[in-house]
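First chain written, first letter: the chains are A, B and C, and each begins at residue 1.
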Amino acid sequence: MNVHSTSRNFKNNAKEQLANADLQAALNKARGHFVDGRSTARDNLPEFDALRDQARDIKNHTLEHLDFYLEAYEEKVQASGGHVHWARTAADAQQIVLDICRSVDAKTVNKGKSMIGEEIEINEALEAAGIRPVETDLGEYIIQLRGERPSHIIAPAVHLTKNQVEQSFRENHTELDPDRVLEEPPTLLDEARTILRKKYFEAEVGITGANLLIAETGSSIIVTNEGNGDLSQLIPKVHIVLASLEKIVPTLEDAATILRVLARSATGQEFSSYTTLSTGPRRAGDPDGPEQYHVILLDNGRTDMLGTEFEEMLRCIRCGACMNHCPVYQSVGGHAYGWVYPGPMGSVLSPGLLGVDEAGHLPNASSFCGRCEEVCPMHIPLPKMMRHWREREFESHLSPGSARVGLGLWAFMARRPRFYQLATGIQMRMLAWMGRRRGRLSSVPLARGWTKYRELPAPQGRTFQSRWKSGERPPMRNGA
Amino acid sequence: MSGKDQILGSLRRSKGRDGPVDAETAAALRARIDGHARNIVPARTDLDAGGLVDLFETMATKVHATVARVSDMADVPGAVSDYLRGENLPSEVVMAPDPSLDAAPWSDNKLLDIRRGVPGEPDQVSITSAPHAVAETGTLAMFSGPDHPSTLNFIPETHVVVLPASRVVKSYEDVWDAVRAQAADGASGRGGLPPRTVNFVTGPSRSGDIEQNQLLGAHGPRRPPIPIAEAH
Amino acid sequence: MSDGPRVALFVTCLVDLFRPSVGFAAVKLMQDAGCTVEVPEAQTCCGQPAFNSGDRKDTITIAKQVIEAFAGYDHVVAPSGSCAGMISKHYPELFADDPEWSARADELAGRTHELVSFLTDVLGVTSVEAAFEGTVTYHDSCSGLRELGIHAQPRGLLDGIEGLHLRELKDANVCCGFGGTFCVKYPDISNNMVSNKMERIVATGAETLLAGDMGCLMNMAGKLQRDGANVRVRHVAEVLAGMGDEPAIGEPQDGQG
């Protein structure tokens, strides 16, 4: 299966997005909301940080014994009348979904938001098979109209202004009165709600993701705010759950711990509007609910991450806090990252799933400010793992040649203090002389990356070490 | 080799194992599942029954649910019809077949036009009960079953939940215990399984997808009002 | 001869090369607090540029050099959160698989500090003698803040300086966009970040910007000057040491040219 990614083109993507006025306006609006939300939620729950520690420990324990828990889970799903399908690759997962859809002659599939769905490009596969996927999450619905991919793992349309949404609705909802007033978000929401409401009753199959899978009961949990994921699984005949392997936790209590930090980290809510536990198909005597329940467990590179320095990435619960706090993401938005997972978590995960060749830019485009790790509810050491990707690139000679040469030269000097001091002493005195009149330099050979946007402050003159060696000392304290 | 074998094989190799975990480890893991120990439960729930009901009301109101307290089940139908009238909502309602709702004298209220059963697309108002309400975050917990079609929680735009005060519990963990109790109850006719669907509902449906404006009522109910009956 | 602690100054490459006055300010502050300060000759850099570029081999070589050069002192102090963080947090990581060097790295890490937090948290300094007239705002450098917990300490000392009015910087804890090689590898993104930072700085109305890391300071000073903003930029050590009236970063040195 050919994965469609433009991560290779990150630098140019970023440049484009920095110049994208709509995106910058949208990001400015969204930024404070998520940051303040999380901060307030944390202040309102004294146990928050202790819960994060427990959540991390639960996931570590689970990953250590992942095979046991997956098999225990499968047993329970089957006992409740559901089916578990194991998909090694994205192509395998696509095939399984198509087979299930064909078995019930599905014409339309309703979709709740699923990042795994994006990862395996399930919409494209359904369309190619003549089955119509309908996105029911408002943000996903909007970007489906625009033919775009989500730019954030929680808020798929965060890159759009309301004017852009209005434009898309006008272009696509052509059966409605073109003169209608459609400016404000509530009217936009009402329109989408009305249109989607009919569609809920039309689909034969509903596909959702899963925030958690629970080994104890063979259940899946979705965490939403709209209720679309619930309508998508309760009304159609078939409910398909797409979940990657690492979504599993041992017990319901473990799930509750993670749920307590999930919504708070994501949007600042204490609990999402709808958190739903689903176990198998409807029971005998149930008046509603799906007749079939299928869970597709996706590997697609996760088992290869286990046992490596990237294993900790598998603790991720997809809250989005990292990207909400990342100054790089907040500058360029999610589309610049070129694939399904943006921001810090995408910068660690994407090279693992796509390969360093394809996604190598992402872990490099970080100043290592550390805010992501600071807010991660699962204590994932994101900067450390980005550095590990840089190490892998360096070892395989994938870093750009000029950078290697520059670094090699600098390291050569740094290992030889006397030579370093001599060479830098000369350079600094020269730069100081060049910048003596204004105290700074606007253009310096080999430093275009810096001087494109900034002045370079001129060195004061002789280096500290040289002045200290000559006996220069700071003024003593009065009377000392 | 099946997908399952491939995946488990790759997983075990990555973990440095030839095969599944040894018998001792498996027993310990099984015990961990069966023990389902609680992790930290926030101290804000350390309240008596009355305190929990108050906490529930405070938390539910914070997330824009409408909470009305009535002193007796007898007052519930009136409270519901008053609310619907005040909000200019239709008085045709679809109600869960739940026998616990029968404790309220619905037929005495001539304003409400009640049908018991599963909602359809035209239904605008639903009435259900809830077996539990979690004080910790103002969250209702509803179980699917013959008495309670889950679609009642989502299809109509207005969802009224009649909640006897005695059903307020501290935390989600208390709901899990009830889920397990149902599964363990062979006589319940539920096949030794948990409810198919457990819905935790906290406030009305919302979406932040348009410029992060918090809009209430995206797909599910716009507002779940929750009259609490004190009597039970 | 002082009975106080024997401290080795880790100069840091940017202070050494671009702004020695910060080094002298650091020495003065520690001497005033009763330390004997020496400057080991065989020092160049903490190795962070190599470390963050994925060049573990060179990082290890340089780190070993640092460990050897700074052996035997009571404390090692750097006027930089990122260099102090490199030594105290990342050196142990680097040598995790090497028992001999691991012990030495741990030992060095345990006695390596950033300058301001060394003064307040280790030496118990609560005020400085310096005077400074004017409004000041303070940027929290990322490593210092998140790796070393430096936040209250510089503010506490600045607060006590007569004539100095500290205005809090909105988003003080958001990265300025320096990030070492990041700012030259991804200049467009870095520029966006430093532009946002500049807006925040200018919005405080402060005359002077202070921080504890030369990388951040040069980045912000360079941007403020390119865009013609009227804010002077200094290292916090200079103000604390009473050297706050010397030419600021990016200003011409007296008597030259």
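Please note the rule applied: a contact is a pair of C-beta atoms (placed from the backbone, for glycine too) under 8 Å apart; a residue touches a chain by one contact, two chains touch by 3 or more.
Keep in mind that what you see is a predicted model, and the values were worked out from it rather than measured.
Asker: Point out which chain occupies the most central position, where each centre is the mean of Cα atoms.
Answerer: It is chain A that sits nearest the middle.
Asker: Farthest from chain B in C-alpha centre terms, which chain would that be?
Answerer: Farthest from chain B by mean C-alpha position: C.
Asker: Using Cα averages as centroids, what's the distance between chain B and chain C in whole Å?
Answerer: Taking the mean C-alpha position of each chain, the two centres sit 54 Å apart.
Asker: At what distance in angstrom does the C-alpha mean of chain B lie from that of chain A?
Answerer: The computed centroid separation for chain A versus chain B comes out at 30 Å.
Asker: For chain A versus chain C, what separation do you get between their C-alpha means, in angstrom?
Answerer: 32
Asker: Where in chain B do residues touch at least two different other chains?
Answerer: none
Asker: Where on chain A does chain B make contact in their complex?
Answerer: Those residues of chain A that touch chain B are 26, 29-30, 33-34, 45-47, 50-51, 54, 58, 64-72, 79-80, 85-88, 92, 136-139, 142, 155-158, 160-162, 165, 185-186, 188-189, 193, 196-198, 200-201, 215-217, 219, 225-228, 230-231, 234-235, 245, 250-254, 256-257, 259-260, 267, 269-289, 297, 299, 303-308.
Asker: Spell out the part of chain B that touches chain A in their complex, as residue ranges.
Answerer: Its residues touching chain A are 2-4, 6-8, 10-12, 14-16, 20-21, 25-26, 29-30, 32-33, 36-40, 42-44, 59, 63, 97, 117-118, 121, 137, 139, 144-146, 149-151, 153-155, 171-173, 176, 179-180, 183, 189-191, 193-213, 215, 217-221.
Asker: Could you list, by residue number, the parts of chain C that touch chain A in their complex?
Answerer: Touch residues, chain C against chain A: 11, 15-21, 23-25, 27-28, 31-32, 39, 41-45, 47, 49-56, 58, 61-62, 65, 129, 142-143, 146-147, 173-175, 177-194, 196, 218-219, 221-223, 225-226, 241, 247, 249-253, 256-257.
Asker: Name, in rising order, each residue of chain A that touches chain C in their complex.
Answerer: Counting only chain A, the residues touching chain C are 11, 14-15, 18, 327-328, 331-332, 364-371, 373-374, 387, 389-395, 399, 403, 407-408, 410-411, 413-415, 417, 420-421, 424, 427-428, 432, 435-440, 442, 447, 449-450, 452-465, 467-469, 472-477, 480.
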